[in-house]
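Shared chain: chain A. Partners: chain B in the first complex, chain C in the second.
Right after this comes the complex of A and B.
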């Protein structure tokens, strides 16, 4: 059962990610991206991490994909994209991806991941939370500061008033 | 002579019926019966009175009224029943349909009208049936330049998201479709799907009014999700769990609204905005943009979106009840089942009928359902009332409210919850 679910999720995730790259229509591309992100959430479910899976759904599918969709709908794509159709670029991209994947796989296989026992009980998210506020508290504070800094930066960027309308178009 | 069918012949009619029956029997025995058998081969059948239930046995039982109840009982414990009928879709759709009628009558009374009146003779109780038949029989018109796959899929996806939301709501102890350990997070994840479906439906219609309505809906839903999530964190802090059944069970002595009224108010306001109810009905503002993102939907597509909207309304009201009003908890009002009927049977004159499988329902379950439905209907009426009272707000006021005031109040609520936990009022060593 888990194998069938794993295979189905793999097909959905990889298929929709290829579709997200290759689709001519940007809207369909972003819908396919949602499929990819949802498939990753499914992998987290299979890995006994429903907490991460539900956050993946709520944040990535629910917010970030919506943001992308919304941006795509409002943008006239002829203005920002210059189509460069080139066979060589495509094959070079595929080759680069293969090289990266093979090297990453080699690193993974070389590490101690093969000795990890797979039938252990899943880690409770409460334990992760307790670890975060006790032993790893500097990391938590750092993450909070980075997020707060980025939100403040976004607010400042959004409030900029020195950009004129004619400058925006160019 | 009949005007409707001038060439009617009784012999021809009977011949047609016999013809149909023969074809039906042929197709059923060749295809349908093997198919049923194949399905039964896979589905585990229940064991009743130490005997495995086969289809033949089930037909025998059904013919005997005193042996029907065990089958019904076995059916009630299946997942299919839970999803389709009781805590899931059927129950919610029934309450949603009741809500539509209640809304029309209530609004009419508030505005000194009569509302639906003629259909069904008594206060227009058959109006809903008539509306449903009208929607089903209407033609579905798709705009010529619409993006057809998305346009067709959007209403179905909307109902599916609403049904997924409904599936997470615990109605009575143990009566919930999906008892997820992180139920509240699952609720947040499901709520995130509504803006996607809305904006896709609005965009795919390729028309101005739906697109404006869709953009408004997106702004409104996404910006009110944040105070919605923050306002519920207080309840999570004082209960220490995300499971909705456990949250409901933790309120056996008092509901959380007594301790966290600020969170309840913030959640109620965000709920109105998420549901696009007046005063936050900008996405459907019928006096400005026809019907907002629903403008191009017709026939049963519109009907599906309406069904989804009211399922969502029920689910939000039920979530309010579960989180703040104590869920199914309430004083026991349902009388206990007279056990002598089960042990000695019912005496009807000279006959004594012994019926197996009684009692069919738990006393606790019936009581839970009673209180849950009572509270949910009360919350639904509170959601409906502003429609008769308030005008629509402007979009900048709406967003200002969501981003500044409600988020601030939600943080106040979180600090109240923290203070209650750390002061020892609630939590370990406290009241509970």
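Right after this comes the complex of A and C.
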């Protein structure tokens, strides 16, 4: 049976994810997305994974959510508050969401994972560090290269070539 | 542990369904990015939950990889949004016609 902290985190996470998609203002939506990401970090704490939880807080809540917030601020004011969606498509989307929730939920409830419980001690974060530098070291280097490449690519994409240097100063 | 694996899995299913709803219904580029983020987080929650209950360190390691790659994806996605916004002065994906066949 789930405890109170789990139920509170569930309400925060799912409620703020709906708010992130449905709030009229994109700025409040991105703040609600921060709530979702923070709620997931709370779940990681409940799962005895404090290292991943802090990584999630640092990377997602600390940098990605702030990056999204700054991008939203670059958008025109009337577009921030404008909702772009079809009414008919919305009902179809809600139907699709409910079908996925009910069918996948029924599959999980009917499957063997309901009987999986554990009394074993959680994984030590030292094991994760050892994994990173032994078994996963090629993947770690590849990840570093992908990150460097994507940040460089993002900078090149967002660069403006039509603006001269003297115009930038003024 | 008082919480069971199936509880975490059900939360993850709910987040996945909400993310798919966002991708299907919203036409705002930024909101679609929100939906993708929600789906990635549902996957991460599953990875860590299964890693805790098996128990195996692989779940947390893969979740860390996933978080780092998601950071790269958001950086590229946001720069694409900025470029598209500069070209069309709009965030509605129905207006982005350059790649349409």
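By definition in this document, the second predicted complex is superposed on the first by the 126 of 170 C-alpha atoms of A that agree within 3 Å, B and C clash if a C-alpha of one lies under 4 Å from a C-alpha of the other, contacts with A are read in each partner's own complex, and residues count from 1 in each chain.
We adopt the following convention: a contact is a pair of C-beta atoms (placed from the backbone, for glycine too) under 8 Å apart; a residue touches a chain by one contact, two chains touch by 3 or more.
This structure is a prediction, so every number in the text was calculated from the model and none was measured.
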item: Contacts of A:73 with chain B and chain C, given as first, second, both or neither; value: first
item: Which superposed partner A:48 touches (first chain B, second chain C, both, neither); value: second
item: Which of chain B and chain C A:34 touches, first, second, both or neither; value: first
item: Chain B versus chain C as contact partner of A:63, first or second or both or neither; value: both
item: Residue contacts on chain A - larger count, chain B or chain C; value: C
item: Set of chain A residues, in rising order, touched by both chain B and chain C; value: 51, 55, 63, 125
item: Chain A-facing residues of chain B, complex; value: 147, 150, 180-182, 185-186, 188-189, 191-193, 195-196, 199-200, 203, 215, 218, 222, 225
item: Residues of chain A defined as touching chain C within the complex; value: 1-3, 6, 10, 13-14, 17-18, 20-21, 26, 29-30, 33, 36-37, 40, 43-44, 46-49, 51-52, 55-56, 59-60, 63-64, 67-68, 71-72, 74-76, 79, 83-86, 89-90, 92-94, 96-98, 100-101, 104-105, 108-109, 113-114, 116-125, 127-128, 131-132, 136, 139, 143, 146-147, 150-151, 153-155, 157-158, 160
item: Chain C residues within the chain A interface of the complex; value: 1-11, 13-22, 24-28, 30-31, 33-35, 37-38, 41, 44-45, 48-49, 51-61, 63-65, 67-76, 78-83, 85-86, 89-92, 94
item: Residues of chain A defined as touching chain B within the complex; value: 27, 31, 34, 50-51, 54-55, 57-58, 61-63, 65-66, 69-70, 73, 125
